[in-house]
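Alright, structures below, take your time with them.
After this come two complexes, each holding chain A, first together with chain B and then together with chain C.
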Partner chain A sequence: MTIYAVERLSLRIGDAAILHDIGFEVRRGACTALVGASGSGKSMSCFAPFGLAAGKASGSARLDGAELIGLDEPALRPLRARAGFAFQQPATALSPHLTIGRQLREAVVAGGAPSPDRRALAAMLDRVGIARPDARLDSWPHRLSGGERQRVMIAAAVAHDPILLVADEPTSALDAPLRHAILDLIDRLRQDGMAVLLVSHDLPLVALHADQVAVLQAGRVVESGAARQILSRPLTAETRALVAASPSLDTPGPALPPTGAPLLAAQGIDVTVAGRGWRAPQVTLVEDASFTIAEGEALALAGRSGSGKSTLARAVARLGPMTDGELRWRGEIVPGRDRMAAGFRKAVQPVFQDPVASLDPHWTVAASIAEPLRHLCPELDAAARAARVDALLEEVELGRGFADRRPAELSGGQAQRVAIARALAAGPELILLDEATSALDVLVAGRILSLLQRLQADRNLAILMITHDLAVARSLCHRLAVMEAGKIVEQGPFDRMLSTPGHPATRHLLGT
Partner chain B sequence: MRAILLRRLATAIPTLFAVVLASFFLMRAAPGSPFDAERPLDAATRAALDHAYGLDRPLLEQLGRYLANLAQGDFGPSLVYKDFTVTALIAQGLPISLMLGGLALAVALMTGVSGGIAGALRPGGWSDRAVDFAASLAVALPGFVTGPVLALIFALWLNWLPVAGLNGPASLILPVIALALPVAGAVAKLTRTGLSETLAQDHVRTARARGLSPFAVLWRHALAPALIPVVSYLAPAAAGLLTGAVVIETVFGLPGLGRYFVQGALNRDYPLVMGVVILYAGLILFFNLIADLLYGLLDPRARG
Partner chain C sequence: MKGALFLVAAIAVAALLLPPFLPWGYADIDWNAVRAAPFSSGHWLGTDSVGRDLLARTLAGTRVTLAVASAAALVALLIGTAWGAIAGWFGGRVDEAMMRVVDGLYALPFMFVVIVLMVVFGRSILLVFLGIGAVEWLTMARVVRGQVLALRHRPFILASEAAGAPTGAILRGHLLPNVAPVAIAYLMLTIPQVVMVESFLSFLGLGVQEPLTSLGILVHDGADDMDIAPLTLLVPGAVLVALVVALNRIGEGLRQRLAR
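Up next is the complex of A and B:
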């Protein structure tokens, strides 16, 4: 039985046509996935019929027989309440000032049910696999981890037993084991008959869970059909690109450039910070971490969120606090942060996760890339700097046409290329990649990854890569170090770690 | 929450001490003396007065004495209002100022926030434009214009309310309105701006997706985060309102605290000015503490 059917759905925002003749359907107890790169219109296709996106929709969308298109706001409201919506980025999609319990209760009452008691609310959290559900009811969203917030988002979306769950990228911010756990959870909810409309850019992952898949590109459905068939025999180039873009651990890794003499050696690094509150004990973020990186070598620092990998990487790049330990660069001790030698700053440069946030919104691309040159290469005059900026823009495949743009005029992938050009400006020997591709969609991330592979070979760059995605890390890294609770629990050559993982934390990351 | 409270209290005491020190020396650094009059006093009387009030002592000794008295809650004698202590003068003026300021604050908050909500419910609609216009007008007009105009209309022409003086609750209506207007205007504008920002946020879309009515979305999900700038503005504004609105008290002839502050400063009445400054600083610190607690309520992330 069809719960939700969309036919010839089009959407215009002003004069721009965003969606053209979109069609798909979701059956009772089944899962239909809309897949595509960012900007392909998949989220818009979900939200426009319910009046939750900007613009004017036309065509037809019937929820349990009731037509949604053309209804005004008051008439749409009760129909919205028959569906449940789990939005992307639960960190911002949950109200920050209301406790989890209140938001769940509201979701139930808005769906037309009587106000539930505390035990019923706790049972809802228990259903989505949240530990200590009763205590969490009084907690605010910011106290939860990313995975817990995503579960709460889903719990609130299904609190009133909707006939349709619309889940927009419910897994994109999570690491591999959590991704599977969330999709398994959605599969379980379907067993009671709920229909699921899933939005994702991760085709191989989605194909494991969805029955039907519609692939979108530039606001059109380019291919649709049974999930397994689309994954095994993709018909269009767009679909093939989506299948190929997600790196997989099942295929052999690429040949990596050779490595040289030891470059950076970290020995017994500790990072502790003062605890919150009066006379609270110190909190240890990183404990006794040691590793080395050779010339041209890439080391992946992996671990679940909160394991201390970013803190450790920032400490060794001298961008964050370091309480104890020794850092050597080509055998010589690196001075403390206050007496930072310009030479070390020039040699080690970072690229961060959110490319747009890491660029000053008021600066042009050229000014951002030139800044490290001004500070670290004072011997260059303005003309030489401009020439260097142009060369860098060519090197990251943007071209000098981008020099005068500002971050708001860049896509996520373009902004990350600018951030990479900025990191390369002063000619570093080691770059720090802090989840540099995980905020990007799968196609863009793939292109950034091949850019990094090329730079690694061309420049003989050493890389310290922080990631939670081992498949991404393997396309760049020679070695892998796994962190848990502030300690490096296991490290070694990448392929050896994959074939014979020793520590449970490594096996957890591998999803086994 | 308790940690914030303790930390704030721990910083409040040195801050207050610094305010006392700064105002003590600044007052003494200004030329003139409390006993300067049109006809100069003869030297012997002047010396006797200085001696009686301890003004002939070295400055540090005067400070030491003042602090010692202050620690016991004694603000000292007024040098100009003979036979009155500063404590007695404040005790006379403060209740009137507190009443006036407290009522004005309540009126400003209620009208300002409801005005901001009315504007935000239908952005660009007639109510939005009307509220924006009225708020701009209220902010732009100073108290010495609105006060007399209100008195002219409601007291002299319509004869509904008293012109000036303090006789019963009716005589507070016009000064409260005159005092509240600019604050209400600013609160309305801040609420409207804050709401238009929060209404565009993701968690509001989540609330709308539940099928909630526009008012429920606004009241439960958007208002609390939107009020944070209002709280930041109101904390210092409240201290100002409560410690005497000089202009409004003068226009409506109310014997509040503002009058003492102005006259004390003009007359070099050191203890009186010091007393009012300390009270004002204390209230500012107090309201900032309240604001910090409110931030914690409006956005639990601020609690750390």
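Up next is the complex of A and C:
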């Protein structure tokens, strides 16, 4: 039985046509996934019929037989209450000043039901797989982990027993093992007969859980059908790109260039910082971490968020505090952060997670790329610098036409290429990639990753890569070090770590 | 915002350039025309209770008020930006200590402090500048500190450090240009505030001294005579209101446009 059917759905915002003739349906107890790169219109297709998106929708969308398109807000509200919505960012979608129990109760009451008692609320948390549900009712959102928050979001979305659950990228903010756990939870909800409409950019992941998939590009459905079939025999280039772009641990490791002499050796690194307030105790972020990186070698530093991997990497790049320990570059001791010599700065360059925030909004692309040249290569004059900037823009596949643009005129992927060009400008031997692809959508991240692979081979670059996604690290790295609670708990060759993970934290990251 | 800019510019230009072309100076007393009506005996807007030309006095008062306001806002900009930038940049205990000083000064009833200063050191226009500037920088310091704190850990500042830029170059190249829009917009909102404070002090008789005048004094004097010569209140009052409203509009417009 079809719960929700969309036919010939179009959406216009002002003069711009956002969606063209979208069609899909969700059956009782089944899951349909809308998949596409960012900007393909998948979220708009979900929200426009319910009056939750800007613009004017036309066509047809029937929820349990009732037409949604063309209704005004008061008429739409009772129909909307028959669906439940879960959003991408559980951290921002939960109100920070209300306990979990209060938020759930609000969700139920807003759905039109009488106020539930405590036992009913605890049962809702139990339904989404939260341990000790009764105690959790009194918790504040910030006490919950990312996965638990997403479960609470889903609990709130299904609190009033909707017939349709609309989940917009429910797993994108989570690491690999949690993604499967959340999708398993959604699968369980379907057994009670709920229909699920899932939005994602990760085609291989959702294809494992969905029955039907519709692939969107530029506001049109380019391919739709049974999930297995789309994944195994994609017909369009867009679908093939989405399948290929999502890195997987199952694919064999890449052929990496051999490594050379030791480059960077970190021994017993500690980082402690002062707590908040005047006399607060010290907080230990990294404890006794040791690792080495050789010429041309790539080391992945993985761990869940808050495990101290960024702090450690910034300490060894001399961009953050370091309390104790020894850092050697080609056998020589590296001086402290405030006494940095140009030699080491030149050798180690960072690329950060948020591409737009890593460029000064007032500076042109050329000025940003030239910044390390001005400070670290004073022998170059203005003309030589400009020539270097042009060459770097070519190297990151942007072209010199980008030189005079400002960050506001760049897409996320383009901005990240500029940040990579800046990191390469002074001719470093080691680059630090701090979650360099995680803020980008899957297609763009795939292209940045292949650019990095090419640079790694062309320049014999050593890489220190910080990530929570082992599949991304796999395509670039020789070795893997896993961090938990400020300590490196296990490290070794990537393939060995994958086949025989020793520490529970490693197994957690592998999702086993 | 365009209209407001034009209005402020017109008032400022008139106050600065027009007085030499008037037949009367702001201190000249025309004994033949005390409380003269507008357009009588050569006084376009009439005269006040001792026969001084109202137009000349309004222009002179506007000039003084604008000078006090600009100077005090400039003091606020310099001290406030430096104080806030240092506190935000170094953070930790430096920040704690510097911001507690600001909190302490905030707690003083500042109008009272300015009045005490006037009474102790006597009335002088310099003291008006200093007194107002010394309290107006507090909010500026807070605004700038907040901006610097938010910018301090942005990746582009870190990337600049990684690019080998010395601290001075980071402050000049990245930090100040990103703080400037907010500071300038806030400065524009400070000026009307200072105009009000100065007018209030002058109204109380603690501002500039006769025969020099300011909009506040003119409003005060006009208020005494409003039943006989309403224009002596209405003209400087209208200029004051126009200035404050227009400057506020400019500041708010700049804030929305620049501060995102």
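The rule is short, and it goes like this: the second predicted complex is superposed on the first by the 478 of 512 C-alpha atoms of A that agree within 3 Å, B and C clash if a C-alpha of one lies under 4 Å from a C-alpha of the other, contacts with A are read in each partner's own complex, and residues count from 1 in each chain.
In the analysis below, a contact is a pair of C-beta atoms (placed from the backbone, for glycine too) under 8 Å apart; a residue touches a chain by one contact, two chains touch by 3 or more.
If you're wondering where the values come from, they're calculated on a predicted model, not measured in any experiment.
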| said: According to the stated criteria, A:F50 is in contact with first (chain B), second (chain C), both, or neither; which is it? | reply: first
| query | Just chain B (first), just chain C (second), both, or neither: which does A:L319 touch? | reply | second
| Thinking of the overlay built on chain A, is A:H362 touched by chain B (first), by chain C (second), by both, or by neither? | second
| Does the superposition put A:L94 against chain B (first), chain C (second), both, or neither? | first
| query | Which holds for A:R77: it touches chain B only (first), chain C only (second), both, or neither? | reply | first
| note | Note: overlapping chain A surface for chain B and chain C spans 278
| query | Touching chain B in the complex: which residues of chain A? | reply | 50, 52, 73, 77-81, 83, 85, 87, 89, 92-98, 106-107, 110-111, 140, 142, 156, 276-278
| said: Touching residues of chain C toward chain A in the complex: what are they? | reply: 92-93, 96, 154-156, 158-166, 169, 173-174, 177-178
| query | Hey, which residues of chain B end up touching chain A in the complex? | reply | 3, 6-7, 201-203, 205-214, 220-221, 224-225, 297-301, 304
| message | Quick check: in the complex, which residue numbers of chain A touch chain C? | response | 274, 278, 314, 317, 319, 340, 342, 345-346, 348-350, 352-354, 357-362, 368, 371-372, 374-376, 419, 422, 425-426
